[in-house]
Amino acid sequence: MAASSSLFSCSRHTGVPALNISKHSKNNSWCHWKISNKPPMGQKFHLDDVIESQQFDRDTLTAIFEVARGMENIEKNSPGSQLLKGYLMATLFYEPSTRTRLSFESAMKRLGGEVLTTENAREFSSAAKGETLEDTIRTVEGYSDIIVMRHFESGAARRAAATADIPIINAGDGPGQHPTQALLDVYTIEREIGKLDGIRVGLVGDLANGRTVRSLAYLLAKYSNVKIYFVSPDVVKMKDDIKDYLTSMGVEWEESADLMEVASKCDVVYQTRIQKERFGERIDLYEEARGKYIVNQDVLNVMQKHAVVMHPLPRLDEITVEVDADPRAAYFRQAKNGLYIRMALLKLLLVGW
Amino acid sequence: MAASSSLFSCSRHTGVPALNISKHSKNNSWCHWKISNKPPMGQKFHLDDVIESQQFDRDTLTAIFEVARGMENIEKNSPGSQLLKGYLMATLFYEPSTRTRLSFESAMKRLGGEVLTTENAREFSSAAKGETLEDTIRTVEGYSDIIVMRHFESGAARRAAATADIPIINAGDGPGQHPTQALLDVYTIEREIGKLDGIRVGLVGDLANGRTVRSLAYLLAKYSNVKIYFVSPDVVKMKDDIKDYLTSMGVEWEESADLMEVASKCDVVYQTRIQKERFGERIDLYEEARGKYIVNQDVLNVMQKHAVVMHPLPRLDEITVEVDADPRAAYFRQAKNGLYIRMALLKLLLVGW
Amino acid sequence: MAASSSLFSCSRHTGVPALNISKHSKNNSWCHWKISNKPPMGQKFHLDDVIESQQFDRDTLTAIFEVARGMENIEKNSPGSQLLKGYLMATLFYEPSTRTRLSFESAMKRLGGEVLTTENAREFSSAAKGETLEDTIRTVEGYSDIIVMRHFESGAARRAAATADIPIINAGDGPGQHPTQALLDVYTIEREIGKLDGIRVGLVGDLANGRTVRSLAYLLAKYSNVKIYFVSPDVVKMKDDIKDYLTSMGVEWEESADLMEVASKCDVVYQTRIQKERFGERIDLYEEARGKYIVNQDVLNVMQKHAVVMHPLPRLDEITVEVDADPRAAYFRQAKNGLYIRMALLKLLLVGW
């Protein structure tokens, strides 16, 4: 499934039913459930798996963020640090992603859980052997309590979730989804700026290929009075599907070629890396694109005092190192927030609220 | 040492003494020891290492299976889940086998133990460095309490056991042995059918090359009134050494070309994968062999109600996916039983009965 | 930075200030601090990181060795085995070194700590992505409490330490330093011989390229009445920088071509591997060099009763296997001492004395 269609598989906009795998019951009452600020302790989380951003409505995000906030305060050897004692997470990675894997494994261990690591999951289904993803999942679920899965094919996580009796978390499936990244981005905006309604966000860089900025735009549309600016080289502009979606949701957006002006107005400047691999042999186009919008001291100088610079990392030189020392450089805090979001999701999927 | 001779290194049949490494004492009294159904708690396990199927007599199997059965009932955070707390297992894998590795690591962690993982153990003895297996073992035993080892050379596990002062478990040594797989297969038959004496087992597929079916036939010979059917394409028929051995042990066996008839009579249909890599350039022979005996709905239809289908996994299409939904499809339960058998062996080797 | 200059970066000899990264305070009072045999429990360790041998003066070595000695006696499931419970160590290896990695991971787990493993840290900064080491460190320090790092570039560990707010341990940075190896070597001499002052050590083999023997010579110079013998093929003789340094420190040394005579006089025969990769196409020179000085039964026969043979491992045939059975073969005990030294350093950096 292509990224663009996948992003809109929710029923409101495409007529295709959104993902709703209900493993443990067919009771869908959670759909009507009003999430208070504090859901009752121990109550079952209403999601069985974390597969795509579309699973999260605004109330769910609010509640997850509250759990994540609590995770920030867990002390070493406190009772909270043993929340997942006795639970075993398998990281089933069909392609390497050390950054994401370490973040999940740290999250599990920070909560007292244990980890089985598989960085070369492709070997399960090697050419010679040819096991299906479904068979691999049925085997691994016998060894663990939750599976965090990275795959090279869009839709693989959804297939795994349809097979498994234990929770699956999608840690990126090819050009498809990477929902925990989307959640940590929104969480970071709320933590840094203190609100999501009324936020002004400048999305900068490769807006055509980055699943990160696409998912972020999608989630921001759940909040009111949001304004989004797109700042990108012509060859990697935001695609129409997202623009149309934002319009349909009443989100204001505009394209701009003036990073300085956008930076002066925004609460968040979300920079991204221009992905060289998308340009094939046209190195000239790549070089032109990557040098066009750099976040540097000049950009910082026009930004508001409360505003922040974000980036999903890794970065090359699209943010200069001089920016790092400024308190508005939020990207390493953003990476750390990934830990808290993943701690929250592991806790919710394994032991509930 | 070739697989066939290795399989029969026990003294009764070849005059070669069976493996009997006694690390901690030269006292062989366990040979005469009558295993009751419940050996006294904490008593030393009479094996120092798990190297090959020949180490296990019928009483030992019975006792191990009883421990494995107990493992099925260990609850999260119960005292049982902390049986191996403080113990450290090193997985020393000279070739990748994610499935086997995860099973062992899960077993260790389910009992509260810890794991050191080495998936690229060849690097220890890289061409440039050239360390012997013995030196590697002496180093790794300084860091751990038990070593689970996978190697590409037949006999490697035995050499490791001869060197180490800590227990070694053979997780497969090339064309040689894979004793924990053999144990989990027998355990699964007992769990699924409720007995081993008088069992009727159909071994199907690649019987020439599969060490799994060879070891299974060897262990089944320890039980009475067993009948074994061999169903395989001509190019991969069961070899004479096993047939002769079964005959010498009074086990009835026959070859058949009629899978439907065998399936209708058996308690267990044990399907295996035809290994493409054995056919070299003769892809035509491979294609002919692999399509010949498929376990599908038609086979299920003639099988008895209490009978089961087993497979060591991974499977390709030698069992069709339609079979998965039938309660008689035991292969994923079989994979899970590997966890319990490995938990039992780790417990026995590290802390005794 | 080349190994030779790096080794002498301490201010006394080059005018260049020695490494002195003070993360948590700029208070240098530890320089004047008299280490008693028992520093007060819980007092902060005066080093923030372990980057190079030059950080360790004689008093610090004595105190670390005392902690390491205590580590030898920690029992399974005793309070000592939980010293680092709740702490998380990341092993960030840019090149594989299974031996060193397992030793650190075992050390951490023996103290109740947890581990995040990265054997392919290069992937963080792959060609396509191009993240700097500094960015990687800032990300990983968000997930862990201490980073053990192996890198292919000399000076990488120092750069990491300058960036990180958590402790960094250098587990080898290219041709640069491998300080924990140097410490375990000195610790082993003290454990085996019972003293360091007045010791006579024969360094044998590849003295030109081995960072091990260079660091060992450097650290031994901190003790009094030490005598060092260099025994090596001409093509891999000890370089002048170390010789000059020893002379400047008042350490007696001599070169010898007679291994038997040296062995008869020494407390320690420290053998090393001739590194084939240093000889390029001159296989003839390599073969000549590697066969020249072998430690075998003849050498043992002339050695004193209390003397020992050491080797950093892996060995090829520069020590014959017949030597292994002699109680004076200390190299596997030496490897195990690496565990205790690393336990001590992890404890000191994370929770202090």
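Each chain carries a letter (A, B and C) given by its place in the written order, and its residues are counted from 1.
Just so it is clear, contacts are C-beta pairs under 8 Å (C-beta built on N, C-alpha and C of every residue); 3 or more make two chains touch, one makes a residue touch a chain.
If you're wondering where the values come from, they're calculated on a predicted model, not measured in any experiment.
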Make each chain a node and each touching pair an edge, then name the shape: line, ring, star, complete, other.
complete
For the two copies subunit B and subunit A, is the contact made of the same residues on each side, with over half of the numbers shared, or of different residues?
different
Rotation in the CA alignment of subunit A with subunit C, degrees, nearest 5:
120
Expressed in whole Å, how far the mean CA point of subunit A lies from that of subunit B is 42
By the touch rule stated above, which residues of subunit C touch at least two different other chains?
117
Subunit A residues touching subunit B in their complex are 85-88, 90, 114, 116-118, 120-121, 123-125, 128-131, 134-136, 138-140, 142-144
Applying the document's contact rule, which stretches of subunit B touch subunit A when the two form their complex?
76-77, 81, 96, 98-99, 102-103, 105-106, 109-110, 117, 119, 273, 276-277, 313-316, 321, 332, 335-336, 339
